[in-house]
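Everything on this sheet refers to the single structure shown next.
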Amino acid sequence: MIDKTVATPDAAVAGIPDGATVMVGGFGTAGIPFELIDALIAQGARGLTVVNNNAGNGDTGVAALIREGRVRRIVCSFPRQVDSWHFDAAWKARTIELELVPQGNLAERIRAAGAGIGAFFTPTGFGTALAEGKETRVIDGRGHVLERPIRADYALIKAERADRWGNLVYRSTARNFSPVMATAARCTIAQVREVVPLGALDPEAIVTPGIFVHRVVVVRDPATPRSA
Amino acid sequence: MIDKTVATPDAAVAGIPDGATVMVGGFGTAGIPFELIDALIAQGARGLTVVNNNAGNGDTGVAALIREGRVRRIVCSFPRQVDSWHFDAAWKARTIELELVPQGNLAERIRAAGAGIGAFFTPTGFGTALAEGKETRVIDGRGHVLERPIRADYALIKAERADRWGNLVYRSTARNFSPVMATAARCTIAQVREVVPLGALDPEAIVTPGIFVHRVVVVRDPATPRSA
Amino acid sequence: MASLPRWTHDEMARRVAQDIPDGAYVNLGIGLPTRVANHLPPGREIVLHSENGVLGMGPAPAPGREDPELINAGKQPVTLLPGGAYFHSADSFAMMRGGHLDVCVLGAFQVSVRGDLANWHTGAPDAIPAVGGAMDLALGAKQVFVMMEHLTKAGASKLVAQCAYPVTALACVARVYTDLAVLDIGPQGPVVREIVPGLAFGELQRLSGVALVAPGR
Amino acid sequence: MASLPRWTHDEMARRVAQDIPDGAYVNLGIGLPTRVANHLPPGREIVLHSENGVLGMGPAPAPGREDPELINAGKQPVTLLPGGAYFHSADSFAMMRGGHLDVCVLGAFQVSVRGDLANWHTGAPDAIPAVGGAMDLALGAKQVFVMMEHLTKAGASKLVAQCAYPVTALACVARVYTDLAVLDIGPQGPVVREIVPGLAFGELQRLSGVALVAPGR
């Protein structure tokens, strides 16, 4: 029988080794799996590569992971924010490496990893500093940059509801990167507000089929930050 | 005010010119927009390039379009079937051109067109006759073929329900190619069983957002073929 | 300088809004462009996109009704209109990169005479770089409009022969709305479509530092 | 030839089914592999995928309950189990190409000693070519199993040094189930894992035309 639910966030993040690449869902205040990140901090893995749209806000979530010195490298589109002080400090101290990726290329590179695409030509970034050193090609008169997939060992995501097969639905703009990250990680871990009986999710409306999800943990009342 | 509904299938296919590239949704017996195809036959456009998974079954749908001599070229993955006699005859008479594409590459090339991807490397087809003449590259030890987007002037698709903005939901495996085709055509035309008031479709469950849909026509009791 | 007639930010936003047709799908960038939403002409149904995964955004919620998980790309709480839809980030940027939006409105540091846009990085060597969706947005619509002050605080033209700041995308800008003028980026350079009342073309030309094509030519 | 002991198609299907673990995500190709669904061991929950956009396929519907819009890739009516989900063709093939399925079971004309698969085209010059999902399926799982007769009707081995038919994909097959044996494609060639009762390894080797590695070596 398939039952992907685990009892606690600690059990959900068990086994993430030092040096792992970990994708973290969320954009701004929406869709951040705070409880999974807290469990990862408690678990102790170090030297992580984190893939997230931002580099943490305030003192929680990815920011806390950075503050604790667990992040060796971050792949993101928008690290600099008014409340990204932990990233800012690590960057100035040169204790963190940054790969800056345009947000659409970030999403598409993650999708490519999940979809088994070896590389793709995108117009985004052509002619800019972020394409320096990358292969380019003019296709149908338009400049393109060759971009590679971004894979992960683990993805930590937040969804609204799951069933025991790991099928997921999300809530409003908390969806953001999570469905593509779920496809790009060898082990996808979802925190959800509720696990419903198998068959209770509308098969027409499942956003992430369970094939992409490996562990599910219920966090009934997840933390929600103030707006940044 | 946005109102993409039109009164009849004839009005829905108005303006499709000779020589147009037309994508047609559907796979086997599921999701074929028969009434739009009938209207296209009545409308008279000739010299069409048709993109569909198959090359028609029996005497209806794409098969009828081929029988009437309207199709100059077909892009598909699986033309040869027990009841593809109209395609078979045209192919033997050399009145139709065939571009054979592996089904996953067909879906991904259509998606690439809709997503603004200039080209992509896929492992599917590497080392086979269908990659002859195409650029290849070994990435991470695996052979890949460079594939280009497939764009269309029009897409004819079938969905279950729409609203006046053109948001669509589908029914079971009738979904198949239609959501990606909707993104890849300059003008996407959907036949639906029902148009519901704006706001009646769950925003979490809309499969094709209205931005991809240009004309909607109600066909309350669409033809459904027997199983092939 | 202080005596120049200028359009206010709200007047600029109203002017941009006038050029957005009924039924358009539109992305309004962070900052000044966001203000365009307040000036969309009544009677036009315009569908707002935000790259974090939503079409059909409505106005800000009433105080106390904010939902931290229903936000726009500027991370401000928003609402959803009837007919709106949610989708994931890859689908959202596919929508942009694929050219399905009608209009993007963006802020800028500089725009070149050939429509190159610089709006993501000042180029300061010690600045932490951040790009977000800027490069995608600059290519993400059939028409890209820029809203910016015509001049820097020091009085230098932000319309330039060549961008001094790192570019966001090449040859992408269709139209520029400043506090002094509305200009189309044409094959011969910026074509002046409108000038703020009280400012002569000659004066605009003198301030702009690049050759402008006069209105009506 | 007629006196050879052979597994029936159902015995072959049962044998394949035994190797599919609880919780596996599996695509069963058109033809012989479809029969594996009838032999999945009770007590194992196995999720069937079909490339036309469904996970969690159930058995064929009762007569009269067929729905022409709920079909598998073989265009046969199917049902959906609780927990099943629908998705579009690009997402479905992304699922395959991305390596998320555990097992694909495919039919074959020929399999080479290095695991090349030929199952899409006889190569006859006047035949209308049709590929469908064959090339995608051949790369579409962590493990690709092939089910085929060991010999052609004329008695030639379908395990070959090099495929004479046009290949579907290179070095993709992990395991082959024939009516005579079960073989893994190893670095030294096909390794015999089981032989149909009553057939000696030497006889299997003689019929196979390519060097086999004996069981237990």
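When the chains are written out, they are named A, B, C and D in that same order, and each has its own residue count from 1.
Definition applied: contacts are C-beta pairs under 8 Å (C-beta built on N, C-alpha and C of every residue); 3 or more make two chains touch, one makes a residue touch a chain.
If you're wondering where the values come from, they're calculated on a predicted model, not measured in any experiment.
Shared contact partners of subunit A and subunit D, listed by label, are B. Compared on C-beta pairs in contact, B-D and B-C come out with B-D as the pair having more. Subunit D has its Cα centroid 55 Å from the Cα centroid of subunit C.
Computed from the mean C-alpha positions, the centre of subunit A lies at a distance of 29 Å from the centre of subunit C.
Work out the mean CA point of subunit B and of subunit C, and you get 35 Å between them.
Multi-chain contact residues, meaning those touching two or more other chains, occur in subunit C at positions 80, 86-87, 93-94, 96-97, 139.
Shown for subunit A are the residues in touch with two or more other chains, namely 108, 111, 115-117, 122-123, 170-172, 203-204, 207.
Two chains count as a pair here when they touch; such pairs are A-B, A-C, A-D, B-C, B-D. In the complex of the two chains, the subunit B residues touching subunit A come out as 108, 112, 115-123, 137, 139-140, 142, 144, 169-172, 202-205, 207. Of all the residues in subunit A, the ones that touch subunit D in their complex are 1-2, 111, 113-117, 163-165, 167, 183, 197-199, 201, 203-204, 206, 209-212. Against subunit A, in their complex, subunit D makes its touches with residues 22-23, 25, 45, 47, 49, 55-56, 80, 82-87, 93-101, 139. Within the complex formed with subunit C, the residues of subunit A that make contact are 27-31, 53, 77-81, 87-88, 91, 98, 100-108, 110-111, 122-130, 143, 170-180, 207, 224-228. Put simply, subunit D touches subunit B in their complex at residues 50-54, 66-71, 75-77, 80, 86-90, 92-94, 96-97, 121, 127-136, 139-140, 166-170.
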